[in-house]
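Below you'll find the structures, each written out as structure tokens.
Each of the two complexes below includes chain A, the first together with chain B, the second together with chain C.
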Partner chain A sequence: MRVNISFNAGPFRIMLEEFEKPFLDDFHALYKHQLTQQNSSQRLTDFRISVKAPSGLRRYYRPQTCFYFDQFQPFYPLPYSQTLPVFEWGLNWCIATQAHQFLQFHAAGLAKNNTMVIMPAPPGSGKSTLTAALMNHGWRLFSDEIVLIRPSDGLAVPIARPINLKNNSIDIAESTFPESFLSQRFKDTHKGTVALMAPSELSVRNAHLCQKPTHIIFPKYVAGSAMQVTAMDRASAVMELVTNSFNYHMQGRPGIELAVSVVDQCECIQFTYSSFDDAYAYFDSLEV
Partner chain B sequence: MSTPLLIQTLRNPTHALAYSIEQWELLIRQARSANLLPRLYCIFNNASLLAQLPEDVVNHLESGYKKAQRQHQQVIWEIHQIQKAFTNTEITPILLKGGAYIHSGVTCAQGRTLSDIDILVRKADLKKAEMLLMIGGWITTKSDDYDKMYYREWTHEIPPIRHIKRGTVIDVHHNIFPILNFRVDAEKLWKNALIGQDGIGVLSLEDMILHSATHLFLEGNFENGLRDLTDLDLLFKMLDSQQQGFEKLKLRAFELGLGLPLFYALRYCQRQLNSMVPSELIHPNDVGIPSAIRLKLMDILFSNVLIPFHATSKSPLHGIAVFFLYWRGHFNRMPLKILIPHLIKKSLKSLTQRKESKELTQKPQQ
Partner chain C sequence: MNISYFSPSLKGFSIYVKEYDTATIVYDERSGDVHRINQLSGLLLQQLIDTPHTSSQLANYLRETFDIDETFDDILSNVEACLEHLKELELVEATKSIPQ
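Up next, the complex of A and B:
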């Protein structure tokens, strides 16, 4: 159905043109803070998106959902039950393939006071869970997937969109942070079971405040371990960041120079933990 | 329907300075759908207008341009790999279309993107070229015997070959036009081609224009039609008016039997893009030029397909024009006695093969 919902996600303006009704309530709850924002500034819509079932008989037989960026369809249809995650993944795809005015790292980003942390980590390291925890502990969410760096001043730019939680971490998040909105569970996706957590009000309200990155932390959750903090050499950190960049290869020489200057100004740390309380204490101690 | 905003902008880039934010957004959407976003960046850049455009507009234009620049790097490197595959042989492949523009650095390379690299080799060298490229890692994409036979017997190319690791695709041609309806003598192209020190060649400027025009106006796919028309516009601008460049082009077109596609190229560059070309270069009573009534029909058809294929710029006649020109392209390439059995065979095969096709979850990246 046509919904024409327009909202800002950090530097981007998005128009959801068509969507499937059964997922609309979750969508509204996840983007509650963005949708109530006043968007007075006159600017163009960056991404017009539709996620909808194909017409005809396919609505009834093993129903599917299709993602459209304007009129372009970058993915094959996925099961209808995944409509909401498809919107999230599709919007990630739009940013990663269209927004080359930023250097983009595949990483989570969070900030408190003058501390801004970039957390690159492979899937399964507990990055999204830790991101959700820190956000609920009063840290400002930049993103749980894409950290944008603005070339003109080297600042990180918040997007403040829902956090993508997977499998076991959904249960943990649900019992530990009951005050945060969590969507329904989407089973059997290519990432297993997925649920989305709404960004905090603070994160969305301050999504226009860009910040200088101060720490690059590679988190690792190891059950039952004692907390461990190890300094990491900057050269390895640069390599980790650029190999996990969505668009480093588009940026040419300025891209590597920017990546190096970001790492140069940051402390680079490997962080192993098993309890949120340890993590809160450690992250809160990172003062600049 | 009024002229699509993208076409208006290609005609008069400076008018864009007065666009509203809604118009800018429409322009970007149309340009993206026509694969012209990077070229639009170049047009504004060449006219020194970029600094005066809204920031969020420049972001989209510049992102498109960065993507195209990255692709140019890859194409240059890929051409180098092709050249390596032919080292120490007497085969000197000629690059066609996008690959040729980028390799020779002509203005037509500006903001040009492509999906595969086209090369031309002599028909006698085809087998050997295919083998050398296979050693270089490019393997055929068609495993079906009928498809292989179709390409070899009835077209001017072999089935596309794809690099086993990098996934890059090369189209190997032995002529610039299918061999059935009329024959372009490929030897004449070779005679004028410019072969570089590195063993890689490009067609002469005149032949480049004629190839682009032939491809656009005698075949049947127009998704990139507007982009190809802007290619032609940029190539025409390279002709030396002092040296009677257009006269030489005309003579060459008649020599190769390609007067008609050149006629169309000049006509629609002028009508769609306001190009400064001598539209009277080829007279209506010259050989092969359509009658007044037929020309009226072609005007309607081409003006409805040489547009961005975007919902906001399609007229009610667009669908039927695309349909008609698609079939015209088929008839241009093949006589009915070959076309009809081919279509029957293809539809029967698609019925039997549908069951076997695997379900994919993600389309290959553009």
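Up next, the complex of A and C:
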């Protein structure tokens, strides 16, 4: 059985036209704060998505799931058991390939008081785990994957969607943040085992509050290391940020000028850590 | 004697140059690439955006403007290395006459 769901994720309105019912409980738990918000039915839909099993024999033999955006199927089918992560990855793809009204960075974004941190980092650097930790420590989640910058005023725009945790970080998150909802584990994906953590109510409730970026922090988890904070030169920060941008080239010169202005207004830092307590103390000290 | 004039190779396209303390960032609108180049290369590129120059003219400009305590040949050698790098990045090109 399939159901239709409509909800807002930050600046986007998503129409999930068909979704496989066995994954609905997790979906509702992950998006419960969005789903309980008053969603204006007048608002235009940005992304019309279906995630469903193909018809015919493949519903029964090695069942699969397919992602559709406006009836276009951009990806090969994946195992049916991965339906929920397929939705998350597909929605990331929709934003990255369609939402060029924003400058986009592959990065996490978090804010507390007047401090707004952009955290670009390659896979395996512990970005999502640190993001989950800070969110559970009272920081407002903008995004775990895509930071949006609005060109008109240079503000970061929250999306507040689930955090994608992988492999060992799932056990850490489960034991450290038992109060946060964590989905079932999806095994044997192309990223290994993944689980999704729901965004905090604080993050979703304030997803309309855009904020000026103040810090660009490149985190790296190194087991057993002492915390290390190193100032990064801005030229290197621009190159790193641009490397992690999905679409600066789509925006031409205004895109690179905006990326440079974000760097120029931020402190740029390389941050090595091994304990959440060190990270909490450091991030909480980032007063503007 | 072969004299080459150097000028930006991005005719008809805009070029964005941002100088920092440690390096210069250049955006090539034609390719969409962003390059990090050293400060001297950035300075020379800015000069070439204004007017085509030969490598000797650029070396003279550096010697007179910054009172550099190096021989002319050393300065020229540095300038030529920078120009070669800028050529590799396809940010400048060499011509036998002053480009119009």
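We take it that the second predicted complex is superposed on the first by the 284 of 288 C-alpha atoms of A that agree within 3 Å, B and C clash if a C-alpha of one lies under 4 Å from a C-alpha of the other, contacts with A are read in each partner's own complex, and residues count from 1 in each chain.
Just so it is clear, a contact is a pair of C-beta atoms (placed from the backbone, for glycine too) under 8 Å apart; a residue touches a chain by one contact, two chains touch by 3 or more.
All values derive from a computational prediction rather than experimental measurement.
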{"item": "Which superposed partner A:Arg43 touches (first chain B, second chain C, both, neither)", "value": "first"}
{"item": "Touched partner set for A:His190, first chain B, second chain C, both or neither", "value": "first"}
{"item": "Partner chain(s) touched by A:Val260 [first = chain B, second = chain C, both, neither]", "value": "second"}
{"item": "Which of chain B and chain C A:Glu287 touches, first, second, both or neither", "value": "neither"}
{"item": "Superposed model, chain A: greater residue contact from chain B or chain C", "value": "B"}
{"item": "Touched partner set for A:His249, first chain B, second chain C, both or neither", "value": "both"}
{"item": "First, second, both or neither for A:Val238, with chain B first and chain C second", "value": "second"}
{"item": "Contact residues of chain A, present in both the chain B and the chain C interface", "value": "249, 252"}
{"item": "Chain B residues within the chain A interface of the complex", "value": "21-22, 24-25, 28-29, 32-33, 54, 56-57, 59-60, 62-63, 66-67, 69-70, 310-311, 360-363, 366"}
{"item": "For the chain A and chain C complex, residues of the former touching the latter", "value": "233-236, 238-239, 242, 248-249, 252-253, 256-257, 260"}
{"item": "Sites on chain C touched by chain A in the complex", "value": "14, 16, 18, 20-25, 27, 29, 32, 34, 36"}
{"item": "Interfacial residue positions of chain A with respect to chain B in the complex", "value": "13, 42-46, 48, 70-76, 78, 98-101, 190, 249-252"}
